[in-house]
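Next up: some structures, all given as structure tokens.
Shared between the two complexes below is chain A, which pairs with chain B and chain C, respectively.
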Partner chain A sequence: MASWWKYGVIVLLLIAAALVPQGLPTFWISIATEVLIYGLLAMSVNFLGGYGGLVSLGHAGLFGISAYTVGYLVTRMGVNHYVAFLAGVLLTLAVGAIFGGVAIRATGIYFLMITYAEGMVVWGLAYRWAKVTGAENGIRGITRPELFTKGWQYYYVVLVIFVLTIYLMWRVLNSSFGLTLRGIRECEPRMAALGYNVQVHKFLGYMWSAFFAGIAGGLYAYYNRFVSPSTVQLSVSSESVLMMVLGGVGTFFGPLLGSLIIIVGRNMISLYTARWPIIMGTIFVLTVLLAPKGIIGTLSAWWEQRKKVSAGVVEIVEASARKEVGAEGEVRVGTESQS
Partner chain B sequence: MKQKLQIVVAVLVLVALLAGCAQPAATPAPATQAPTQAPTQAPATQAPTQAPTQAPTQAPTQAPASKEPIKIGVLAPQTGNTAASGQDMINAFQMYWEEHGMQSAGRPIELYVEDTAGNPDTGLTKARLLVEQRKVHFLVGGLVASVGLAIAEYVADTGTPYFIPVIAADDLTQRRRLPNVVRIAGWSSSSTNHPFGEWAAKQGYKTVVTIAEDYAFGHESVGGFVNTFTDNGGKLLAAIWHPLGTMDFSPFLAQIDNYKPDVVFTEQTGGDAVRFVKAWRDLGYDKKYPLLGNQTLLDQSNLRGMGDEAIGLMSTGHFAEGRDSPETKAFVEAFEKRYGLIPSYYAADMYTAARWLDAAIQKINGNVEDSEALLKAVREISFEDTPMGPVKLDEYGGTIFNVYLRKVEKRADGKLWNVVVETWPNISQFYKYNPEEFLKQPVYSRDYLGENWP
Partner chain C sequence: MSPTFISMQVLNGITFASLLFLLASGFTFIFGLMRIMNLAHGGFYLLGGYIGITVLVATGNFWLAILSAALGVAIFGVLIERFLLRFVRGKVLPEVLLTVGLSFIIADGCLAIFGGNPRTLPPPKFLAGTVEIGPVTYPWFRLFVVLMAVLIAIALWLLQERTRLGAIVRAGVDDAEMVAALGINIKQIFTMVFFLGAALAGLSGVAGSAVLALYPGVDAEILTYGLVVVIIGGLGSLPGAIVGSLFVGLVDTFGKALFPEISYFTVFAPMAIMLAVRPRGLFGRE
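Up next is the complex of A and B:
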């Protein structure tokens, strides 16, 4: 696609996002906020999984460390909101260094299992460490910073931080580091043979991913004003992976679209039936069967295919003008032309 | 061909999104004869009765309220571990309103049922949906304590009245009480066990070992029993805790033999209750020690899954389905006729809560928009008899009721149920303690079971 097309779409999306609070009632503004937060989490999973080839099933743990840190510091220790947010992200990075250091020794399904276990460690701590996390009752009463107490005000905060964060993500993915990461996804032995330190790159990739997940977690704590073990349970991790798959693994905006579909879908479908998990599940299964590249992945592949087909048509037309195509339409390559 | 399929998928997803977008942002105010709305209720029990608007039961002393429907947000788990009990809650609540023509004080009643999935995050989202999008006048329900605490925090901000007939977290009407959260027709985990501990001590039991699920409800239930048991000369030898969803009780039961107590007290819910009672008999403990259970161990919702091993077991509760009273009998018969099951306490509480709300709404002539007036009316109401027995509220928003000493028996038709052996009337959440003194102590937990207090 021509660049101006892409930028135009992005600008339109930004305008639409900015207009959300004007048109919608408070409930849907909070849903939109949730879409952005979980979209960021899904994009962090995609950073490591889609671009780096390491799909993690434990990102809810990283998300939760940040959320619980913010919750604990703000409600139990009266720490300033901004400082608490920073602390949340830093703690996620610290724990991410440990988790990542252990996990990147493995690949593929083993990486999946290790990250799953790491996510469950966080869940276990959240559930049992009652003095700090409040066990299954969680941490309640997290206040928002003074200027942003209302739903629509907080939505703008989340929107701005979201845009800045994904801009950073975009820059990282298109830097030489990002390209190396993609190379490692494509063929690790080749990259090693070329002299890249594959382990260091994977580790740094994990750290970046943890950084983005930590930001999402901090935003979540202020959004929901309540953190509990359900924030870090397995279904949050698996949903973020599903959002990535639904939208398109390895596409930039895919996970955000996945987040939109799943969160909006879940809230709307459950208005009509208690059986909404079946409907959501059916959508996933259909997508995986019929559109395994995800929605954006499939659309962009289709677009590429169209371009190739039309390019091919143009080539045949030009070739026939140069009389390299015979009466029955057969193409003669590199032969003398006939009048 | 594959391309066409991909297009179909994309279109399907878009259509689903658009269909949702067609939902109007604000709920439209329908005309007076609105039928019951239970959009999330997949199995419709029967068509709701469409009664014409009746004259209010008392002469209005002020201008009559608007004729717009009264919207009630009903929260219960429809999925997850506690789904069966959640369904009892919804069924009983709906049954009351359908028996009374889906109206109160001349205004039609609209029920919006939402699934909490037994999970505070989901419960919170649904509470927000009900209050902000459906614009309900008040909320009722919730089953799991963590859900109740999360929603209570939310309504503290919005001021929406929230009624909790089932949630038993002690602190919601004690240290964490709020003016707009009221436990109508409800109970708290320790309240039915306070009289039990005293009774056990008076039976001559000197030592007890407790075994319970390791979470707040378990801690509070055990705390209630141990507090009064130790006050009356008993001694707690050990408190055994096991995780929710324990499949094999043998290692935990084996610990009891280390102490050889006079009696064993247990708290269990759901699947744990069924497995515990079975293990108790299968491993031979029913021959070794007398067993006393909390309300949920032998509640009807769990009894349905038990066999003869439950017969003769004793527990205390604020509801006994076999109670010999016209109110209880009528309720049990009606519920059984309609749903084919003997009602559990979840059903009894929600049914009584519906009656409570009906009375309160009529008292304020249907003016539910005035939350203050509604809450005031609710607090003033009491009943001489209900399926649970006589009920009223204390100053803290907690219920005062009868506690029954119950025994499991087999009915003539072969089903198990709880009959009443003894009744202790007028039991509040503070039992015989001075409320202010009681509240100075921390809430019951693993570390505090009231052994050395007072």
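Up next is the complex of A and C:
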């Protein structure tokens, strides 16, 4: 019974997403495109952090490698758009293999620290390797494929690739590989004792995540038509982690909801003040302190609690119908539902 | 490579290493006892630098500038520890994310107050000149930074090994609950450690604002070096911070002089090798 309305919500969301360019002005189409791209990046962080227990603070680096590759190949080499996109994702996977291989040597907090440093390495290259990256000036004038030059046309490209990618992500997460990854998050020694090769699973988890981040980066290069060191800076990594935490770590659509809130919030607030980083930092602190499970996590916990309580109420009613309730109405069910 | 070039780069490398040591020792000290990875440490550095410059410009007193930067950042750090970090004590991810959020608030706050132009701390008169060391002419102030780092390293070692507080901290690293059960107020010790670590970050900010420039974004750059130092040296270890800083300082200085376009990469490669061979770092514990 639980699943049909979930599918209904997804279909409604898809219809709403497909209708975005019909009713909204260009400005909002552009924001909607950004929500999807950064949402995908945040979901790639969540794939590794929420389901694998390895939170990365360096995904802007992976995102940026793909974006820079697309920019470089299209503007300097005149490479075909589809080949450039593919090359961007492939190079992200190649660098991801090195970064991931290094980072999975560590766990938890150390993993976070290493990925932070890796993200900064990419930023350092973007900033100083002028011959390739154009340093501070970045790479300008990235063109879009012929059929998709207008904002609303490109929005549909992003939407289709986004939907296909997260469908793949969903399938991976619910495959035996995805379940093993979750097992490792819950209890690594147990999975190792059961005979799973923990390191290989972590590495493959990292590679999947890099793959998703690479797709987001390629989409970004065509969306923005300009890449610069600010594309790969630390705040992009942090924002994607914030989107994940805000929406709910380990919830499938949480990071997308986080992206919606953060991207719309940033674009709105930037109209009035340049102090967005302070506001972002404050959201970070408040989320961690007040809603560590994030929006979807908190809501679903509340929903579960409600279901439990109402199940408890049903049992009380049934018990009283069987006249099993004590004189003061004490029922064991009541205490159980509190715990 | 001429001998002048080499000796110049060695001196620059040692100066940078001293700066990194001041930063990394505070970071690793906090981590050692509290297991908090303080990603706002770069922000503390930035704040210390700006406080130092502001006080120096206002009063002209160099020592007052150093003192107020260290003390100001330390008090700021204690406020954060008392009123924010304490609520997520022991939860690894929330602690880190909290400090990430804070680092943005600090950096953007500094940008709002002090503007985006790079600032440097003018060296005080008695340290303004240069000195001839063999073939190179070297600024006194940079040597002063090295001296400061050496003195701090000795003081930290004495504090850890020869004082009651140090003994409590070492015991707390092993088993904080047991220390608390022995009737020691471990929360107070946590606050003191955070005070000291933040003070060191403030101090490194003052030194850094004279050696390098201070600008928005330098907090993330310098923290990256600090992280590489502690990854190579081993988290929570004072000797690790010393050796790691020297290594990173020298390698990065030579790397920047020889291959200016791929900076960071020259320190990233040794870090990657270290993680492959010995994930806990040179002096880290399991």
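Criterion: the second predicted complex is superposed on the first by the 317 of 339 C-alpha atoms of A that agree within 3 Å, B and C clash if a C-alpha of one lies under 4 Å from a C-alpha of the other, contacts with A are read in each partner's own complex, and residues count from 1 in each chain.
Definition applied: a contact is a pair of C-beta atoms (placed from the backbone, for glycine too) under 8 Å apart; a residue touches a chain by one contact, two chains touch by 3 or more.
Keep in mind that this is a model prediction, so the values were computed, not measured.
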When chain B and chain C are modelled together on chain A, clash or fit: clash
Touched partner set for A:140, first chain B, second chain C, both or neither: first
First, second, both or neither for A:129, with chain B first and chain C second: second
Partner chain(s) touched by A:106 [first = chain B, second = chain C, both, neither]: second
First (chain B), second (chain C), both or neither touched by A:275: both
First, second, both or neither for A:265, with chain B first and chain C second: first
Chain B versus chain C as contact partner of A:310, first or second or both or neither: neither
Stretch of chain C penetrating chain B in the combined three-chain arrangement, among 110-118, 218-226, 236-244 or 272-280: 110-118
Shared chain A contacts, counted only where both chain B and chain C touch the same residue: 275, 277, 283
Touching residues on chain A, where the partner in the complex is chain B: 23-28, 30, 135-138, 140-141, 224-226, 228, 230-231, 261, 264-265, 267-275, 277, 283, 286-287, 290-291, 295, 298-299, 302
Residues of chain A that touch chain C when the two form their complex: 55, 57, 98, 102, 105-106, 108-110, 112-114, 116-118, 120-121, 123-125, 128-131, 233-235, 238, 241-242, 245, 249, 275-278, 280-285, 288-289, 292
Residues on chain C engaged by chain A in the complex (per definition of touch): 35, 37, 39, 84, 87-88, 91-94, 96-98, 100-105, 107-109, 111-112, 217, 220-221, 224, 227-228, 230-231, 235, 260-265, 268, 271-272, 275-276, 279
Complex interface listing, chain B residues touching chain A: 2-3, 5-6, 8-10, 12-13, 16-17, 19-20, 23, 25-26, 39-42, 78-79, 114-115, 119-122, 124-125, 128-129, 132-133, 145-146, 149-150, 153, 215-216
